[in-house]
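Heads up, there are several structures right after this.
Common to both upcoming complexes is subunit A, partnered first by subunit B, then by subunit C.
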Partner chain A sequence: MPENTKTALVIGGGPAGMEAALRIAQAGFHAVLVEKEPELGGTLRDLHSSFPRWENPRELIDHRIGLLTKSRRVTIRTQTAVMSSVRQAKGFRVSLKSLGNGGREGYEDELDVDAVVLATGFELMDASVYGEYGHGIYPGVMTSLEFEGQLKTWAQRAGDIAVDAPHGVALIKCVGSRDRSKGYPYCSKICCMYTAKQAGLVKDLFPDTRVYVFYMDYRASGKEYEEFVRQVIEEKHVRYIRGRPAKVLPEDGRLLVRAEDTLMGIPVEVAVDMVVLASAIVPRPGTLLLAEMFGARTDEYGFIENEPFEPARSSERVFYAGGCGFAIETAGALNQGAAAAAGVTALFNEER
Partner chain B sequence: MPRQRVVNPEEKFPTVPGTVFLFRSCTGSLEYPGTENAVKETLASLGIHALMDPDQTCCSGYLLTCSAHKPEVSLAITARNLSLVEKKDLDTYTFCNGCYGYLSELSHIMMHNPAYLQMANDLIARWGYRYEGKTRIYHVQEMWYRLRETIGQKVVRPLAGLKVGVHYGCHYLAKQYGILDDGGYPTFHEEIVEILGGTPVFYKERQLCCGYSVGRGFTHREETVQPHLFKKLTSARDAGVELITTVCPGCNVALDREQPNLGKRFGTVFKIPVIDLSQLIALAMGMPLQKLGFEANTIPLTGVLKKLGL
Partner chain C sequence: MGPDFHTSFRLERIESPLKRELKDLFGIDVDTCLECGKCSGGCSNGHVFDYTPRKIVQLVKLGAEETLLKMDALWICLSCQLCLDRCPSGIDIPRILDHLREKSRRRGIPATRPAVGLFHDLMLDQVRKSGRVSEVGLMLRFNVATGQYLNDAGLGWKMFLKGKLHPFSPSVKSVKEVRRLFEESYGKKT
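And then the complex of A and B:
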């Protein structure tokens, strides 16, 4: 097979970006994978387990990194940011800047690429906009991503866990999502599943801990998803309470969650040690800058949007995958990464 | 204690007005005349002239809540009262959360539904009034916070670490938009208490509703409101609160007047005096006690005044 010289720039080294870079390389083209953090993996690196199969996300990351580093057509550039881009006749001239790589900090260079894949991921809404839940005020109140870190710490210290086992944990869903008054009218899609996962993990680590999930309703549409949530409720004995908590109050060093159980029609109060907020998923501010840089379409919230009838393409030679388009679970991010790669390779093949 | 405000007071009030229209409150002026005095005196000592109009009536909010009359009537009442202010070309300052909430809500409805505005104007036109929606509606507590530094400089009777538990009141916080602070976890009253030399106490139920609209007047439901108030006041007492402040005469009535009844129902005697934040500010700024009208309070302030050496 003759060597193809076309190159795609993939921005973001999470599951979607890694998948896109890998598939582009496997199709015989070159990929430059840019990641601003020192390591590949994206949000997946912060996660302790996955749904619906309780797998360790680290294994997936290591598997992909293994394939990427072995491929001679992929250039991995960690701790690197895309500074600017100029559209050319058939591609872009982009300027990359090193953010600190063994004395190369601030080093800038230019690169000609034939297509770009945006895979910059998502982040969580600032949960402190809900003063009533006290994020940033009470130490026990954390966002779901912060809680994944807590789960990791617990799992690493599995020997002496009895020391700091919580007596109760409350997980609150739809914090921001589906709340028009806060400007997030959409459903963040993955919170139902990861909240069930986190609740189940707490029960696995500490069977005596009382775990409550406060929900508006749960949306488990996906292969094995409904079974997963039912398993968490029925086998792991997590208490699901339908109702939005009105307030989190401090009491005797613990936290009191006050809510209405709308199925029973009664007010409920549960005392817990930790409150986990499933904050709305929002695009990263940097995504909007990149979208402007490459002329990609964005929606009213700042997520990347596709061109009509082109699921992975946002503009001429600009493809996207993963959380920068909308909230997405790992498996979906991988699919979208592969789809973006298919778009890129189809374009490159046509121009050969 | 978070000191970040949702709306920057300096942006909300780029300049401090020289004259304002003070919207009197039925509950405030009848139940606790000292509140109105304190507001007027404090405004005066901050260099703000307060204008009032004897033609102004009740905001009618409570009657609206109780469905005592058709909502359309309240629109007309609001239009009429605000037209008085507009004639003077001033902004409206209330010292009652109820007046604040209803005036801003009802004027919002009229400003966004031309048909409602027309209907209200048609009605009040019979007596020669006309409402255009020019006057803006504020609560004096916002001005207190805006001028907190000046207030701090004018404190002559520092509160000597008095443990003050504040009560914000739902009709200010529930408005959500345009209010100074985070409706879910407000702290700007606590900041004012600190400036006056008091110790703000974050008692557990500080954001629990006062229960006024359930417990008094048309909808007198003691069995609902008293356990609710018992919970609130118990948490205040347990946290060591010596004085509760409100910014709404309705809240003041509910929290103050109901305490002896709680004693009868639950056998626990509460003795926590409840006054308006404006009264506390005026007290710290050296206003004569006779003018503050603490005699109107059900729970006497003897202990508090003794602590302050008065």
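And then the complex of A and C:
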């Protein structure tokens, strides 16, 4: 069998991009995996534990990196950005730029590829647009991604008596999501689950800390998801308060969260040391530039959109996977990466 | 709202001994409540409750024991068990209400429905004296005490004719045992 010479460019080295590159290579084609950060892993690198099985995301990343580096059909290019692209008869001529690699900074080269997979991930909405929550004003107020870092630090220093356990932590869901006034009417889909995870992890680390989750609903529509949330409420004793907080204000060096307990119809307040904002999931600005570069469809928010009846394809020879399409959890990103790879390899096989 | 709610409600100050009590005594875990309201939707008297069954569970979580002990729902609940029957988490709300009623009586909190309180007292008095409840005797005493002498008289007559009411109800064999039970739960009393 002659060696297949077709190549796909995969942009983004998170779980979706890694999965797409790996599956394309396993199918016998070439993949160039481009990542702007020095390491593969994407947002997953920043996470501490996972739902619904409390697994260490690092193990998944290392497993995939192991397979990718072993594959002779995958070229990994970290600290690299896609600068431009020209559509050709059957593919693209792209220009790649090194973002700093010991003297190679600014180095540009061109590459002909037969298809592209966009897997650029998501980011969180700037939570400081909510003056009432005080992100960027009070040091104890942080976004959920910042809090993942805090959880990692705590876990690394577990047992260290110098660690100051917080007396109370409040986690606020739907910060931005389901908010027409801020321009994000959609549900960010994964916050219910990762907030439950974060709340449960705080209780694991500091059993005496009081942990409150302020919610409008909890949406746990996935295998083992409902059981996961119930475990956090019933066994880890996280208090779920139904209501969207109206204000976070300072009180005696702590933070006072004000909300309504909408189940009773009474105003409630709670003093805590930390407030975690599950900020809305939004597309990265760079995704829109790439979409224009490759002629991909986007929706009104800037997420990549699919062609009718083609869930993994956005336009001819342009596939996508993971958070650049919409908020997605790790397992979903892997599935979408595999789906995009299936689209790429089906196309390459047809053209053999 | 009850007296607990005059100042803004501070969640971090909640201590709910009641919640622990229910867990320890009856194995009832209010944290399994899904807040769906199926209990309240099914409740046969929910439309006149000041706090519907779902809210009662919520008040347990909030540790609002004073409100619970003084609420009207305690005395208009029929103990029909529908809330428990409907509950997807199997929370024994009727048992919670029994517990609250007992607590409320023990603390001498007047029932919001005096007639219901009176009925409970008369019935228990009969049980203490004879070990049984005589329906006819109880109804007569209740009617006399409330001044509504002919209340349900027509219905009582019909039931008597069908053999559903027994005017004479002899004491149980060992009333002493019954007395002992009362003394154990109420302490020595007449």
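In this section, the second predicted complex is superposed on the first by the 348 of 352 C-alpha atoms of A that agree within 3 Å, B and C clash if a C-alpha of one lies under 4 Å from a C-alpha of the other, contacts with A are read in each partner's own complex, and residues count from 1 in each chain.
Just so it is clear, a residue touches a chain if its C-beta (ideal position, glycine included) is under 8 Å from a C-beta of that chain, and two chains touch if they have at least 3 such contacts.
Just so we're clear, the structure is a prediction, and the values are computed from it rather than from any experiment.
In the superposition on chain A, A:A346 makes contact with neither subunit B nor subunit C.
Within the superposed three-chain model, A:L289 lies out of touch with both subunit B and subunit C [touch as defined at top]. Once the two complexes are laid over each other on the shared chain, residue contacts for A:E234 go to subunit C alone; subunit B is not touched. In the superposed model, A:G168 lies in contact with subunit C only, and not with subunit B.
Contact comparison for subunit A: of subunit B and subunit C, C touches the greater number of residues.
Of the two partner chains, neither subunit B nor subunit C is touched by A:V86. In the superposition on the C-alpha atoms of chain A, no part of subunit A is touched by subunit B in one complex and by subunit C in the other.
Those residues of subunit C whose C-beta lies close enough to touch subunit A in the complex are 1, 5, 8-12, 29, 31-32, 35, 54-55, 58-59, 62. Listing the residues of subunit B that touch subunit A in their complex gives 2, 176, 182-186, 204-205, 207. For subunit A in complex with subunit B, the residues that touch the partner chain are 129-134, 136-137, 181, 247, 249-251, 256.
Of all the residues in subunit A, the ones that touch subunit C in their complex are 167-168, 210, 212, 230, 233-234, 237, 239, 241-242, 261, 263-264, 266-272.
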